[in-house]
Structure formats: C-alpha cells, structure tokens
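Read through the structure below, which is laid out as structure tokens, and then see the notes.
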Amino acid sequence: MNFDFSDDQKMLKEQVRKFLADKCPMSVTRRVLESDEPYAKDVWKGLVEMGLTGTAIPEEFGGLGLGPLELCVVAEELGRVAAPVPFSSSIYLAAEAIRLFGTQKQKEAWLPKLASGEIIGTVAISEGVHAAHPRNIETSFAGGKVSGVKQPVTDGSIADVVIVAVNTGGAGEQAISLAIVDAKAGGVSTEEVRTIDPSRDNVTMTFKDAPAEVLGDKQGEGWSQLSRILDGAAVLFAFEQVGGTEAALEMAREYALERYAFGRQIGSYQAIKHKLADMYVKKELAKSNSYYGAMMLNDEGSELTEAAAASRIAGSDAYVFAAQENVQTHGGIGYTWESDCQFHYRRAKFLALTIGAPIQWKEKLVSRLEAKNAA
Amino acid sequence: MNFDFSDDQKMLKEQVRKFLADKCPMSVTRRVLESDEPYAKDVWKGLVEMGLTGTAIPEEFGGLGLGPLELCVVAEELGRVAAPVPFSSSIYLAAEAIRLFGTQKQKEAWLPKLASGEIIGTVAISEGVHAAHPRNIETSFAGGKVSGVKQPVTDGSIADVVIVAVNTGGAGEQAISLAIVDAKAGGVSTEEVRTIDPSRDNVTMTFKDAPAEVLGDKQGEGWSQLSRILDGAAVLFAFEQVGGTEAALEMAREYALERYAFGRQIGSYQAIKHKLADMYVKKELAKSNSYYGAMMLNDEGSELTEAAAASRIAGSDAYVFAAQENVQTHGGIGYTWESDCQFHYRRAKFLALTIGAPIQWKEKLVSRLEAKNAA
Amino acid sequence: MDFNDTPEEAAYRKKVSEWLDKNATKKADAKGMELPRDLDELIAQSKAWQAKKADAGYACITWPKEWGGGGGTTIDNVIYSQEEAKYLVPGGIFAIGLGMCIPTVMSWGSDEAKQRFVGPAVRGDEIWCQLFSEPAGGSDVAGLRTKAEKDGDEWVINGQKVWTSGAHFCDYGILLTRTDPNVPKHKGLTMFWIDMKDPAVEVRPIKQMSGGSEFNEVFFTNLRVKDSQRLGNPGDGWKVALTTLMNERLAVGGSQGNADTDDLIELARDVTIAGEPAIRHGGVRERIADWYVQAQGLKFTRFRTLTALSKGETPGPESSISKIVAAKKMQDLGSFGMDLQDMGGVIRDRKLSPADGAYTEQWIGAAGYRIAGGTDEILRNIVSERVLGLPGEIRVDKDLPFNQAPKGK
Amino acid sequence: MDFNDTPEEAAYRKKVSEWLDKNATKKADAKGMELPRDLDELIAQSKAWQAKKADAGYACITWPKEWGGGGGTTIDNVIYSQEEAKYLVPGGIFAIGLGMCIPTVMSWGSDEAKQRFVGPAVRGDEIWCQLFSEPAGGSDVAGLRTKAEKDGDEWVINGQKVWTSGAHFCDYGILLTRTDPNVPKHKGLTMFWIDMKDPAVEVRPIKQMSGGSEFNEVFFTNLRVKDSQRLGNPGDGWKVALTTLMNERLAVGGSQGNADTDDLIELARDVTIAGEPAIRHGGVRERIADWYVQAQGLKFTRFRTLTALSKGETPGPESSISKIVAAKKMQDLGSFGMDLQDMGGVIRDRKLSPADGAYTEQWIGAAGYRIAGGTDEILRNIVSERVLGLPGEIRVDKDLPFNQAPKGK
C-alpha cells in the first residue's frame, strides 16, 4: 500500500508552491481581473522556465517526460492561488489531447511548442448555454475547413492552436470529430465574452472556413476521444479545486481567529467552528477521491472514468462550498470588491462549470456504475 | 385577507387538545406499541363520543356536517400526541372516499356507522414494496368478487369496511376501480405485518372472492378517484405532521433547557440552538403550506393538487427532520426504548410513507406545475 | 379561511386603486417605459411622487395626520403597498428614512427637531440615512468605535461608518457614537442626528463583489454637532438604536432574487442533461418541487402575518424565518440555474444568458444577501433565542469596560 | 502511487493467509455456515479462536512478545485484519478489553496487575469492559458522579454507569470514579480495575429504540475494592482515562450500515417512481452518485491513513472525519431506501423487505450511531479544535469545584 505521492513529486510541489507564493499572490489575480490583461504573462513565463508546461509531455517532444502524477501536484498549487494563467487550457486539455490522440506528425508539430510555452493551446467544445452533445454540436468540418461558433472558449483570445469539437456528419457519436485549428492561419476571429471569473480569458470564437485537420487519423472518433480527454482534465481540475478549497478554508480560518464579535473570536462560535469543520470534511473527501483519480490516470486504469467523475463531483462540491462559506465567514467585508474572497467565489464556480457541470458528470458516473452492477 | 382558522375552529382544537393531553399521553402510545392491542380503544371511544369521527360527514348521514377545516384542526392535535387510533384510515380515507364518490345508497349504508364509530374503515392500495400504479395493481374485481393480496393495510385487522384499489381490466388508468368490501362478509383474511411504527396496526390483507361492489356507479374511475382521495388525505396528514413536528421540537427544546454539559445548558450551544431553529423554520413552512392546502380542500379549489402535494412534501420534511434531530438532541438516552423520542421517530417516517413517499408527490406536483407553465 | 378583503378593506382598496389609476401608469400598460437610470432624475421623480402621496394621505399611512401621515391602519398600509406594486412608480429611497430614522427622531428627538424634520421627510423633501455599522462592528453593532467628545455645548465626532445605503444623496442621518469607552459597550453609546452635507462628513462608495455600489463608507473628521442634536440621553444610545433596528430586518427581508421555479421550468425545457431534456431529469424536478414548496411556504407565512395584522394582532415571529430561507434559496437556485447551462453557465452577459442573466446575478448577489441586515447565523440565533427561548450567547465582554474588552485587530 | 504491498508486507500477508487457510474457513466457501447466535456458544468459540491466534502470534500483533503479543508493526496488524476479514471467524468481544482496558492497565497498573491480567486477556481467557459513561455525563464524560470513598486500604464505590458494552459477560472492567467533589471536575477523578462478578455489581441490559440490547447499565452498591486496584494516583483519573478514550472513536468508527450504492442500484431497478423505473429518475441517480463519492472518499481516506502507517508515520487527522460522514450517510441512505419502497417502506420484516431489510434497520440504527462514541456535534468540535486549531468551548465550569458547578436535573 503506497497511496501517496513520491518524495520527488512532493519536492516538485514544494518548488511550485514557493514560486507561486512569491510570484503569484492574490494581487496578481486581482491585476488580471481588473485589467484587460488576458493572463499573467510574468507568472506564465516563470512556469514555462521551470519547465512545468512540459511536465507530462514526452521527452522526444521536448517535455520533461514525467507523468500525470507530477501534473497533479502542479495543478493543486495553481488552484491554491487561483492562478490567472492558461495552464489548464494549454496543458491539461490541448497538449493532452494531442499527446493522447495526435498522429506522430501532429505531435511533432505542436507538442514541442506547447511544452516550451512558445504557443498556447485550448479546446473549443461548447456552443452556448446548451451542454455539448453529439446531437447539438453544429460547428462543421468539411473539405479541410471548420465553420461555426464556439462559446465560451477559455483562453481563446491568446490561443495559437485550438482543438475544436466538430460535426462531420453521421449517426450519433460517430458524427463528432476533433479538429486541430491553427488560430493564426486565418478564418478564426474572437470576441471577448464576460464571465463570472474575469481573471481568466474567455471569448466567443467564430470559425469561417478555417483551415484544419482532424486530430489523429480517423474521423468520427471525436466523442470518445473528448470523453477520455475530459476524464483526464477532470482529475487535474479536481486537484486545482482541492488546492483552492484548502486556500479558502485557510482564509476563513485566519479571519475566524483574528476577527472578534461580542468580545470573542468568531472562530469560537460553533456556527463558525462547524462550518469550517464541514469545509474540512468536504476537502478531505475531495482530496482522497482525487488521489484515486490520479492513480487511475497514471495507470490508464479500468476505473479511470468512475474515478475522474468522483474527483470532479467531490472537488466541485468542496470548492464551491468552501468559497461560498468563506465569504459568509468574513461577513460584509467578504462581499466587497476589495476583499480577496471574491477570487475563490468566482474561480470555484468557474472550475465547476468549465469542463461540464457536476450534474452531467453524475450521469456519466452512474451509467458506469449501472453497467458494472449489471455485469 | 383572513388566512387563519375561525374562533370556533380554534375552540374545537382546544377541546381536542385538552382531551388528548388528558387521555392520550405518550404512555398510551407506548402501551399500544408494546402490546398486541391494535389501537387505543379508550381514546378512540372518547373521540367518538366527542363526535369527532363525524366531523366532516354530512348531518343527513349522522355526522356533524362540519368541513375539512375542522378535520384539519383535529388532525393537528392527533399528530401532536402520535395518537394510536385508526382515525386517519377510517375518517380521512375511508369515510372521505365514500362521501366524495359513493352512491346515495353507499353513503347511507356506511357513513352513519363510520360517523358513530360503530365501525372502522380503511383503504387497501399498496401490494408490497412497489409504488401502486395502474400498471402494477393486480388485485382483481370481477363478478362482484375481489381477489388478491394487499400489503401493508393500515388498521386492517380492525377494519369493518375496506376501500380496495382493484384492477377491472382495460387500458392505463381505466384499468383501476375502487371497490367497497365488507371485511366481515367473508373472503377477507389478515395477517399482522411488523412495521417501523407498531403503535399503528398493519396487516397483509388477503381477498379470496370477497363480495364487493364498486365505489360510485361506474367502473374505471378508480385512479382519478384515488388521486382526489389522496390529495385530501395529504392535507390532513400534513396537519398531523405539523402537530408532530411541534411536539418533537418542544421535546427537544425542553431537554435542551434542562440538560447540562460542561456546566452549561446544552441549549446554549449553537449546534443545538441552530438545529432547533432549523426545526422551527421547517415547521413554519409546513404549517403555512398546510393552511393553503386546507383552504383549497375546503373550497375544492383549482390548486388543490399543488397545495396538497406542497403540504405533504413540507410536512414530511419537517416531521422526519424534527424527529431525527430530537433523538440527536437527547443523545444516548434518546435512543433508548424507555425514551419517548422513539414514538416521533417512528410516526414521522410512518406518516411520510403511508399515503405515498414525498418523491412520488414531487412528481405529481411538478407535472402540474409544468402544465400550468406551458398554459 | 379566505383571501377576501373585509368590507372596510375592500372599500379602502377601491379608493386606493382609483387614485393610483388617476396618478400613475400600470406596469401592465407601461410597455417600454421604465424608471430613469440617472440617479438625479430618479431622485427628482421619487420626490415628486412622494409629495403627491403625502397630499393624498398615502405617505406614512399609519402615522397621525398632524405629522403629515394618513392616520390609517397597518393593514391599510399593506393594501396600499399591494396596489402600488402594480404601478410603475419610483420608491425605495425614502424607506430607511421613514422606516427607521424619522421614527427614532419622533420617539427621542426634541420638539424642535420633530417640528423641523418630520414634515419634510414625509413629503420626500429631505432624505435620511442610518449610520450605525462600522468595520469593527459587523454583527456586533454595539462594538462601534466612532467617538463623540463633549466640547462646551457641542460634540466633536471622529470615526468611520460603513454599509450606509444612500449616504451619497441623503440630506440628514442618525448617527450612533461612543461617548464613554470606560463603561461596558452597550452603556457608553449616544445617538445624534447630523447634517450629511457638512464638509466634515466624507462619503465614499463601496464597490461590491457584484461590481455594483449600493453602499457607502462615511468618514467623520472633527464633525461638530450641537448638543441639541442629541437623540435621547448620553449613554442611552443603544436603547435609542433598538427603536431603529426593530425595523431593519423587515426592511431587508424583501428581495429574493429574480429567477424562480417558473423560470427554472422554462430553462429546464430548453437545456439538456446527458442529451435528454433537463425537465425530464428527476433531480431537476425534485429541486423545482422543493423550491416551489419553499416559496409557497414563505408566501403563505406572509399571509398569516397579514391576517394577524388585519385582526389588529401583532404579527407572530413567523416573519423572522423568511430571510433564512430566502437567502439560501436565492444562492442555490442561482447556482443550479448556472449548472443547467453547463460550460456556458460561466457567461455573465444578460444578452447571452437565459432569464436575462438572472441566475448568475442572483448567485453573486446572494453572497451579500446572506449577510446584509443579519447573517444566516445571527438570524438562527434570533429564532432560537427570541422564538424558542433558548439561552443567549455567553457574553465575555458583558461587564467589561469597552476599552478593556477583547477586540482583536 | 499504487496499492501493492512492499516485499515485507507481501511476505507477511502470505504467511498470514496460509495460516488462516489452515485454521479457518473462507466466507466464500462457508455457504450456509454462520456464527452461533447463542451468546454462550459465541463466547466459547471466540475464546477458542483468540487462544489459537495468541499461540500463532496474531493476537495483539503490535504488542511485545513477552506480553503474549506478536511483536509486529501497525501495518502487520492492518494486513492481518484485512486477511482475517475474508474468513468466517468470531471476533469483536475482545475489542474493548484489548483495545482500551488492558492498554490502560499496562500504562498505569501495578506490576502485579500487569502480570495477573495481560496474559489471560490476550488469550481471551478473560474479557474486559469499560465503565466511564453515566446518565448525567453524556458528551461530558468527566461530569460523572459515581462516588469512591476511601475506607482504610479499601475504597467503597456507589453509583451508576451506562452504555457499557458486554458488561453482562465480562470478567473485569476499568471504572472511573469521583473521589473528590471539592475540586474542579477533571481533577477529582480516580480509576480502578474491578471484578465484574462481585455481587455488589449489578448489570441491567438497556433496550434500544431498535429493540436490541447491546449495552448495559451497571449499578454499584457499596462495592469494596482494594487500594491496589487503583490505576494511577488518586485525582489522576482523567489523565488515565485519556489513555483509554484515545482509541474509542476509532473503535466505534467501523459500522456504516449494510446497504450501500450497489444495493440502491438494484432496488432502484426493481421499484418505480410515477410508474417509471426508479433507476431512470435523475434524483435517484444523483443520490447514488453522491453516496458513491462519499463512500469512495472515506475508503481512500483510510488508504491514505494506512499509507502513513506503513511508512511508520503517525496517521493524519483525516480519520476523524469518517464517522461524521458515515453516520449521516447511513441514516439518509436507509431513509431513502425506505422511500423508494413507497407505502411498503414502513414494513419491517426481513422476509418482505429488499436487501434483507437493511434499509429499515440502518435507518433506525443510525439514530444511535450518530450519537455513540461522539455525537456529530462533538466530532465537529474535535475537527475544528484539534485539526483546525479553532478555540475550545468556553468552559464555565472549568475552575468550579464539581459540587458547585451547574448541573441541571
């Protein structure tokens, strides 16, 4: 039984944590949120220099050739500071998509640049407020050209390469493919879209006959590819959520210890004590589920989908709860613009929705449990 | 705006409350629960003598000719003491069924005896652990004879007349009729079935060619009749649940004031204070919904079904929560057989299930809301 | 049991709606029309409308006529509000002044003060705000630190207030200060009325998480007020403040967010879960049922309160539960509405979002609503103590001089 | 990151399972077989099995060999338990004695006491119980009132204990008494070991709401014990008790009820909601997902703890959350399983109910499980104080002599 990260992985975590504590305090997140700056270039640059963008990219493609476990510890630290950088879009999603399903040629073309941070990638799945599904993805791919509108696309205004879920015709899931679009090769325009978390860049992305090629060598496999890509991302997002939960709990804890009401620390009232205990309980459940998700991801285990869904459900529940009750613990001051509480409040919900809402993941999970139970 | 009971109705409530406080303390409920006694005959006799069994039965059939509102105030008091009597089976269900849908002849045959308490009635709907539905009611009615097995049937071992949901063939809801069976006319046998609330009588009732006639003059209307009967019962059950919630909250409150831990009344700890506040909030929501249910029932209003469902959902939620947290507030002693906490714990769940679980009623409610919203 | 007016109530309602028909436009008929977004215009319109109401006896309906009120009953007031709500008329900016400040002046002010201020406030000529909360206070209002020191027959005031609604357009305010730090905190307070236009008063808007700014910080630098501006005796400030606070939680209790179960039904028809219409999803349906039952429960709890009022009884404590339920429901329903939009739920743009963006706005707003005018936790304390009679919190600072009580940073 | 044993662990596991194969029957192969329902038979079988384990070094694996233990590591102990759980063997009746009582005797007892009691307890020849809780105590264990008065070199004990597991078949017990009511409550306690068969000890079973009787009340009427039966100094009883209590919450933490999400899936396939299969109902599916995630979370939290153990680290506080989650889940899942059976959900008859009546039994049992060995509320206090470092409760009785502290009835 060795259900823990290795000493090397823990050391990596410590390095990332130190770097972000130093270079990415909440004031940086605030700067990006309040300005037109799409992301914190200085922080991103530092992460690139540490080689973290290449963590899980094979050495032959310019990465460090480490695995998902290392990516998980990085994710937890990025989540802890609500880092305003395109790491999840470029690495958990775009790079992983190409690493998993790209042809040798596609890997050679894109992975080295993504690893080196020379370019930024993202994925474009959603087409508005309707959950993406083989039946409602209308963006088309024909004759090597993609046309359609994706919304929202996270980090879309800064993305150089976009993995786009497209409809290539055919029945059910076979209708969907994933296309690689070079965002700088024309036919792609973006318009900023306002979201609940302006510390992350989001756009409406319009494709007009944008040159593209299918990811991998076969069409019609996009839906199952997307499912696997999102399973992996769900585990990594869950580590960001665990980190964020820990940070929100720590903020609430510190305030509860320093703030006095009626001559007592507010942290001495059971309403606050038990609220924080509940945050802690949810955080531990999320952490333990995420550990298993990390292990399944690392082993490409047979329970990856269940473990990923469980990580996402527990992680979203923990972070949203902690972020909400952190504001509540702070009282009026916690609801002001000046307070840092808002960054977790926004990011928690952003993470819980961006790769699909928990209620959708619960469906995915239970379908699997049903199948296993029937077997 | 007069959203309250009348002074006469409040006076009636006071009388019933005084009588039950005197004649039906928890020791009586305990006596019935611990013995083979199917119900508290002495209490029942008193209720009959006060004419309460005839409350909502028209004078021409030997009742007091009062309405549902009066029945509601009686219900609240019966619920407060978790009275071990067949009032709900005989009056809210059997008598109401006959009053609403019986022929003149059927009313003349049964209502006077039900009003006078000379006989006891009940309904037989469920056939085991599968929610009753036109597709799964197998008890048959043909050639004036009912055959089949109903389980559980509340107050079945003491019932003289039973309204039975039967399958008379045909499609969908038209397959269902309600039959009146004279339990003493042969063909009916009962076997006691153990339930979570032994202070109420419950049996498996077997019909073997039991002589019967259809309720009303037409077959195939049973399902819609049953729906209306259960709407009315839901409101009356909700008043029992409100009464029970108030009693459980009062028990918890008294214990929280008299019990000391670490040198303080346990009622001085926020974990207990806020728990009891939550009980109070749920109780008030249940009460307010039930008031509207009572008004709709009294007016046969167009929103009766929505109001009844809302009363049942809020009432079940409030009483089950209050009963569970009353045990929790009492700690170890609350879990002992000697404690009276168990009577609310049992009765709360019993009431929440007996005329259908809340999750079924939510379906009924939302179907109506959908229809209205579409309109 | 019915929703009908008594004959008297019906007559009054008829009179009111006839007057409203003459003097205002029904929302139903007001297509396209809306209240001015410009604050100055809005204030001007509000003042004009308030004056009209005062002339007709519909401003401060329950107050005696000699004070410019309507000399009516509480239920008259409820009926008027129900009817006025059907019309497109400005309102709100006088609520705190007439609901909290002026009643305090009337109970504790000098005859001169009453003569001077009540009339103009009723007519809407002058607007009032309430200055109690402080950064250090929060739920513990009496923990305030703004200092007032006697200097001849004047008082010199220094300190800061926070969460003051309307401070930037108000003419006057009632201000709670600490005049004696050497006695326990509830005993050293004194109340004054002040001129908000005094240069020694600085108002700064507070930006909220939502981006809006409905509240202000107010700073006092050597603000000098006459002893005659005192409301009640020195040291009686807390007793005076209770007159005011009585009404606050009612005042806040209103808003429950825009989106409700009907919107949710429409949204659920439009979006899908695992490819199926969300409205067919049992979990969505259970939430719709639960929130509908809560909304109905609150609505009919209000009706029970109104009934008590119309019988001349003082309403029961039921109303105290309203905000506990409404605030959490507002947050959860908003949050779930966003979930139903899946990845698109992060969008905060009224044009792109269902229900005009209501889900997102109420999810954000609820974070403040769960705190404003009494947090969830304070309200549960109030219910358990005032309604259920459970013991109050242990007050370690009860008998300590304020300047010796533990305060943290 | 993996679930594999280290080579040492694997070797030990192999040794264990080979021994178990020789000496017991796998549950998988034990069709029809079951442990005796008769208490005396069960005790006899339990003692025989415990003796066998002791001979093989599998009783008290972590204890030194000279005390009859196995001289093994904590993880050895975990591995043995994991393996033994696969076999149909009696266990449990020694848990409190060996988990709580004997360790207390070993830390605080005289050499004679250790020599006399440890060996027989390890072999299962003698069974021990723990006598701390009292009617007046509850969560406040130190509030106990059972009196021990010195009389020569004996103590005379009068009073009552409650919630004592196994008192009716135990040979000995450790008893916490109050020897000085004139000092604050934690300071006036003294611990003794006692002979449960002494005629001055009366054991009465407690009937639970569930109908079962797993606990007892124990009454002492002029029970005389030698001063040599004292464990620790007079007045040090609380310090001694902490040795014992350390382990209790772990001991209780186990049971989570029988029915879990797999049973729920099967039940939901069988029953209907509004005529449709309940398994298709999104609300049912969400609950299955949520409870599955909780169960997995608890399982992998245990794995994290085991990993810490196998690395020789002391496990983190994670384990303290287990019962908070498990107890409420047990109650809610049981309750919902009953709801799915609709009107039939009231039936309490294993023959007529799904999952052998598990939903009903666990719903009733959970009412006690949420209380036993630390209520939900006490456990949240523990997490917030010991894990998060938030302030402890204000102890109004902290410095008061016990006989002057407020106690209510």
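By written order: A, B, C and D. Residues from 1 in each chain.
Here is the rule we use: a residue touches a chain if its C-beta (ideal position, glycine included) is under 8 Å from a C-beta of that chain, and two chains touch if they have at least 3 such contacts.
These figures come from a predicted structure and were not determined experimentally.
When the interfaces A-B and A-D are ranked by how many C-beta pairs touch across them, A-D comes first.
Separating the centre of chain A from that of chain B, both taken as means of CA atoms, is a distance of 51 Å.
One inter-chain figure worth recording: chain B and chain D are separated by 40 Å, centre to centre, where each centre is the mean of the chain's CA atoms. In chain A, the positions touching at least two other chains are 264-265, 269-272, 274, 359, 363.
Shared contact sites, meaning residues of chain C that touch two or more other chains, fall at 273, 281-283, 285-286, 377, 380-381, 393-394, 396. Shown here, the protein chains touch in all possible pairs.
Of all the residues in chain B, the ones that touch chain C in their complex are 1-6, 69, 249, 253, 256-257, 264-265, 267-268, 270, 272-274, 276-278, 280-281, 284-286, 288-289, 291-292, 294-295, 298, 307, 309-310, 313-314, 359, 361-363, 365-366, 369-370, 373. Chain contact summary for the complex, chain B toward chain A: residues 269-271, 274.
The part of chain C that touches chain A in the complex is made up of residues 133, 135, 138-140, 143, 162-163, 206-209, 211, 270-275, 281, 283, 331, 335, 338-349, 352-354, 360, 363-364, 367-368, 370-372, 375-377, 380-381, 393, 395-398, 400, 405-409. By the touch criterion stated above, chain C contacts chain B in their complex at residues 1-6, 9, 75, 261-262, 265-266, 279, 282, 285-286, 288-290, 292-294, 296-301, 303-304, 306-308, 310-311, 318, 321, 324-325, 377, 380-381, 383-385, 387-394.
Chain C makes touch with chain D in their complex at residues 273, 280-286, 394, 396.
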